[in-house]
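Structures incoming, each one as structure tokens.
Next come two complexes built around chain A: one with chain B, the other with chain C.
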Partner chain A sequence: MGMFRIEEADRPHIVRLLIIWVILSAIGIVAVLLINYPPYDQTVQGQDQASTLRLLTVLATPVFIGVVMMTVYSAIYFRRTTTELVDGPPALGNTPVQIAWVAISAILVLFLAVVGIATLSSENVAQAVGQPGRAIGQSGGQTGSATSSSGGPELQVQVIAQQWYFTYRYADYGGVETTHLYLPVDRPVELHVTSLDIIHSFWAYQLGVKADANPGVDNIFHVTPQKTGSFQVRCAELCGLWHGHMADSSGQVVSQSDFDTWIAQQQTDFDTIAKAVPSYAPFYFPEPKLKAG
Partner chain B sequence: MIRRISFVAAGVVIVVIAMVAFVGLFMLRQPGQLEGTTTKLHLETVAALSDAVEWPRPNDPHPDWVGYLPTTTWHVPANSTIEVQIDQEDGASGLRNPFWGKAFGIEGGTMHVKYFDDQGNPQEGDMSSIDPTMAAHTFAIPDLGVFVPLLGVGDNAAPGTQNIITFSFKTKGPGVYRWQCFVPCAAGTLFGNGGPMSTMGYMGGTLIVT
Partner chain C sequence: MVVSERRLAIPNNLITGILLAIPAYFAGVWLGTLFGLDDDQNTGVILGYLLATVAFLAGVGFLNYPLERLFGWRVTPIADPVENAGIGRFFRLSLDHKVIGIQYLVTILLMLLFGGIGAMLIRTSLLVPDSTITPAGQYIALIGLHSVMMIFITSAVIVGPFGNYLVPLMIGARRMAFPRLEALSFWVVPPAAVILAAATFWGGFPTGWTGYPPLSEQAGQGMDSYIVGFALIAVALVTSGVNMLATIIGLRAPGMTWTRLPIFVWGIFTTSILGLLAAPVLASALIMLGMDRTLNTTFYVASNGGSNYLWENLFWFFGHPEVYIFILPAFGIIMEIVPHFARKPLWGYRTGVVGLFGVALLSWFVWQHHLFVSGIAPVLRPFYMLSTELISIPTGIIFLVTLGTLWRARVWFTVPMLFCLGFLFNFLIGGISGVYLSDVPTDVTLHGSYFSMAHFHYTIMGGEIFALMAAAYYWLPKMTGKMLSPLLGRIHFWWMFIAFNSTFFPLFIIGLLNMPRRVASYNPDLVGLNRWVTISAYFLFGSMVLFAGNLIYSWFFVSRPALANPWHARSLEWQVPTPVPARNFDRVPVIVGGPYDYGIPNARPVADLGGMVGATGGG
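On to the complex of A and B.
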């Protein structure tokens, strides 16, 4: 066990560092716990992501403080004091230190792996891996979805990206298409994200959803709003001239009764163009590919 | 001594009055309601810039591109009604998303369209939507919720025929708003969205509201 002994000269430094590290880490953890983490709590999924972010930040804080503290401490206590160039003592390995950093790193990484796997397999995840969602047009709450067991039948909404705007179709309301996204509170929603032309990305920040929108692809995400209020939708994939303007701040989470009123008005408006709009489908292909000159 | 105190007191009073005046005059001042005005916007849409009737652009590097004329940067006043007339000279190429065949965000919900029917006879009427396959372009300012489909000139119409589309919409506060066409009308480009659809000055631009 002799190799685990700490040199007498190093003990004051270690004690000093430990005291500083514990105090600063405690302060740092309290501080990061006070932060309100994005994407906040407008949806169950968003709240879940915020909780994960909080956990990661709490775990990272002592590590970050330790690294910064060692750097600053070394610069102060072990700096070169003379102008003479002299090699430092050779570093031949330190078993306790090596065991410590390997063990601590392994524990942290394995713990995060367990948290990650648990999160991915939870009911609240926005994109349920291996769970396809129900078929387009199928009535709510019957199959497949990750969240269909809570809060009533899932509302099926198709997100259609095109250069340079998002529109939305509500399968459960006759395929009505709208220019803004409204969602009822406390009702699980199944988002089917697709594109009419090139690759876009549907990013509803406050909802905790960021989904690729590809032509010919039905990309399914789940979200359950739990607070009323507005949210922003923007494109997160560089998609051409007006990509920077492909945004809409008019997204709303509203009560079920307000949603019913709104969707009824949308259906009335939609009637004038309904016959010309194609049937609701899982996805669409951009046609024509090349406009004739 | 009293004189000095008096000077200090007077100085303090002056400073306080100045601060109150500053707060009252500037910090608490609410901008008045802007007087609504009506502004006209007269535009021309063409299949090729070289075919422009009203506002030729002879030195344009892309004379065969579609475009809005005379300019794609429009200056309009805030909180006002903008009366738009578009002399639409291009043929129909159809909307990729037929939903945009409906007009949104315009006064009264309808546009007035003068056009020529399949037999080449002049017609006119108020429309809230058009056949999406007959759209030549759209006039769309998404941030204002304005989407207006522009009826394409029929195949049987005489050369040089124009469809005259008029409508009005309201502006909001000052700002720079983008506008664009939603018809993939860029001939010869992938998905019809390259060239003039992806270059400022043709099928997209800015509405500058002041």
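On to the complex of A and C.
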């Protein structure tokens, strides 16, 4: 088209830069592909997040290398060699180059957005990043199972945050409450995250789940464990004095039979208390504070 | 109407301001105890802070002019910079933009020391994975004080000292459009800093800079410092924004067309729009928080019909433009300084201005990316993901313009230039890591972790503070009349650059490895990395001490004055003598050339200064 007419003086720089960029980018991309990205592969959703993280890093690598290379190259090759002050060539700009730069960055960004939205609308990730929290009063009395979005027997677990620990309530098992989260492998789980006092955030790192716990709101996240093993739970929203201690490293993904044994034991332990508490509520106020409708 | 010869006879300076503020505070506490609805003193403390601030401003002299006008007395001529010479002018209400710039500079550097010591204490606490060095309560108090103090600083650290000092000089004006508003935008900052620091007496506040209710409603009286201090910073942003916009629009010298405007002024212009429009949202959110805490309203109380999402939305509707309030002047500095040392015109000037406006515009449409995992409606997420990622286009333009200016340049490696190149490296990492956070699937892991903490330190400290250092080495010779030592400057740059990256890059990894922000105790597996970061942070603090030493040494102990134009720069602010005359220009200059016309044959000097002798550059 003749738009990108390259000046004779620019040619050696451009050739040199292109060669360096291609080589370094290739090395960089191979290097970042070797990294094992969190949150690893304990759940279907976590695995999708890890692959998005890998994709972003692969795309970012040539961009990072390109800009750093240009900066360092300018510092080396375009530094003044004379002792006197001399002016450079009075280039005021180059419209095709500017258009190309904006176009390339726009394509990259739109590609990322399209990939992001596609991942987001795919079943797994859409579930992993949750469903709308409902304000108190909007859906009062609705049972947990009615909010299940996909077919199949999703395990209903309510995550109840308070200063400064999480309690887990298994709605399908008579509302048994535990202080550690146990999940059966290969079974979809619907997490209903709420809080009794202030905002917390339920972060199960290896599960690829992070959900804010808001008082009076049922924040729903879905997760499907695919590997057994332990996982960590931490609070990820500053919640006061013992925020740093609001952690539990004994979360477990276990086989269905181990889970059945465990939950039976929990039910036995909890039996007397369970009679006194309601079986399930989408959000959880031990003492309802709502003054008026 | 007869003008009376009477005038207010009371002296006005910093001391009278403080003397009035102290009894006013106790009067406020007393009133609050008398009439407050709660018995927890929040009403008293908030009233005390507000009355103390008003009394301080009155003591400094802000009420003189309106009172004199109101009663028809003779107006005290505090506006005349010539009568207001000597060191004392820095401790009084001055309407001279140059005095205000210096007042701002010193105040903010003192605040930076406070915030920096806070950071060192935080890092010291993290030497061990449990909270044995610093108890958990003190740790979150430190987090709150460090973060909010740093937000105060970074809101004003470029616009305050450099914007106020330089904008009139750069556009050929002899003063600001609204000098009283300009002075107010400075004089509310010291009370804001003192009120924030006063939170220490109440044990600090537990919410960090985000102040999320219901935690902030549960918090003790330290929270009141957050509310009043932050609201005063909102006042500073609004008054500064109005003044800057009016000055840049209305007081440009003849011939200073929009396309000849130095790009730094464009940076101030765009940031002023954001400050003017965003800060009132913060102020209203803070007023509601204050009312919840004192008048028992329930704006943010879910169980009584309010919603904590109201705060989250209002706060981030302010909060995201706020971070561009930090960075737009920094973009302006980089694009301003690079041409002078590349000895080339700014490459793609108009594109650069479009980039600044693009960032400013898009910054209004991204705030809910802070709420991706909060339980917002999922249908909103793709929009905020897209809008956030779109911001990288205008930001990329800033890089393009800078790299284009460096292309085949004759780079003069001065200390400011080194900091500009350091900015490019740091901000690149800050920007790319921002894309990770904008992407919803990856944000699930990264949100609220040390990854996001590393991200915003790369943009704010690696970006804005590096730009601040470039500005300091570049413009302080004009402002203080003394060159900063280039040798110490070079050591400072390399020391700070290496220590900064060594401090903050490992934090990305720590975040990816499951460490949330703002925790006093963490997974013991991460103790090695955290110790590395802490040691690096000490070195980083050391580099800032070196800068302070260089500043004090060259400002007060070097007798050799700086040249009027040590960088042989073309732009207008370097064409006036050093020290800058009281009225800036003998007569209003006529602008006849662009500020960056290096290497252009027969380029005209930037302005006809009417016989004033100044160094000329370029040509």
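Methods note: the second predicted complex is superposed on the first by the 248 of 293 C-alpha atoms of A that agree within 3 Å, B and C clash if a C-alpha of one lies under 4 Å from a C-alpha of the other, contacts with A are read in each partner's own complex, and residues count from 1 in each chain.
What we mean here is this: a contact is a pair of C-beta atoms (placed from the backbone, for glycine too) under 8 Å apart; a residue touches a chain by one contact, two chains touch by 3 or more.
Just so you know, these numbers come straight off a predicted model, no measurement behind them.
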Legend entry - Partner with the higher number of touched chain A residues, chain C or chain B: C
Inset, instruction - Classify the contacts of A:A113 with the two partner chains as first (chain B alone), second (chain C alone), both, or neither. - result: second
Inset, instruction - Please indicate which partner A:E154 is in contact with in the superposed arrangement: first for chain B, second for chain C, both, or neither. - result: neither
Inset, instruction - Pick one for A:W242: touches chain B only (first), chain C only (second), both, or neither. - result: both
Inset, instruction - Please indicate which partner A:D197 is in contact with in the superposed arrangement: first for chain B, second for chain C, both, or neither. - result: both
Legend entry - Touched partner set for A:T272, first chain B, second chain C, both or neither: first
Legend entry - Shared chain A contacts, counted only where both chain B and chain C touch the same residue: 197-198, 240-242, 245, 288-292
Legend entry - chain C-facing residues of chain A, complex: 9-10, 13, 37-39, 48-49, 52-53, 56, 60, 63-64, 67-68, 70-71, 74-75, 78-80, 82, 85-94, 97-98, 101-102, 105-106, 109, 112-113, 116-117, 119-120, 125-126, 128-133, 135-136, 193, 197-199, 201, 203, 205, 208-212, 214-217, 219, 232, 234-245, 249, 285, 288-292
Legend entry - chain A-touching residues of chain C, taken from the complex the two chains share: 131, 136-137, 139-140, 143, 206-208, 210, 212-215, 218-219, 302-305, 307-309, 342-345, 347-351, 372-378, 381-382, 385-386, 389-390, 392-393, 396-397, 399-400, 403-404, 406-413, 421, 424-425, 428-429, 432, 435-436, 439-442, 444-445, 447-449, 512-514, 516-523, 568, 597-601, 618
Legend entry - Residue numbers on chain A that touch chain B, as the complex places them: 160, 162-165, 167, 177, 179, 196-198, 240-242, 245, 248, 269-270, 272-273, 276-278, 286-293
Legend entry - Sites on chain B touched by chain A in the complex: 93, 96-99, 101-102, 104, 128-129, 131-133, 140, 142-143, 145, 147, 178, 180, 182, 184-193, 197-200, 204
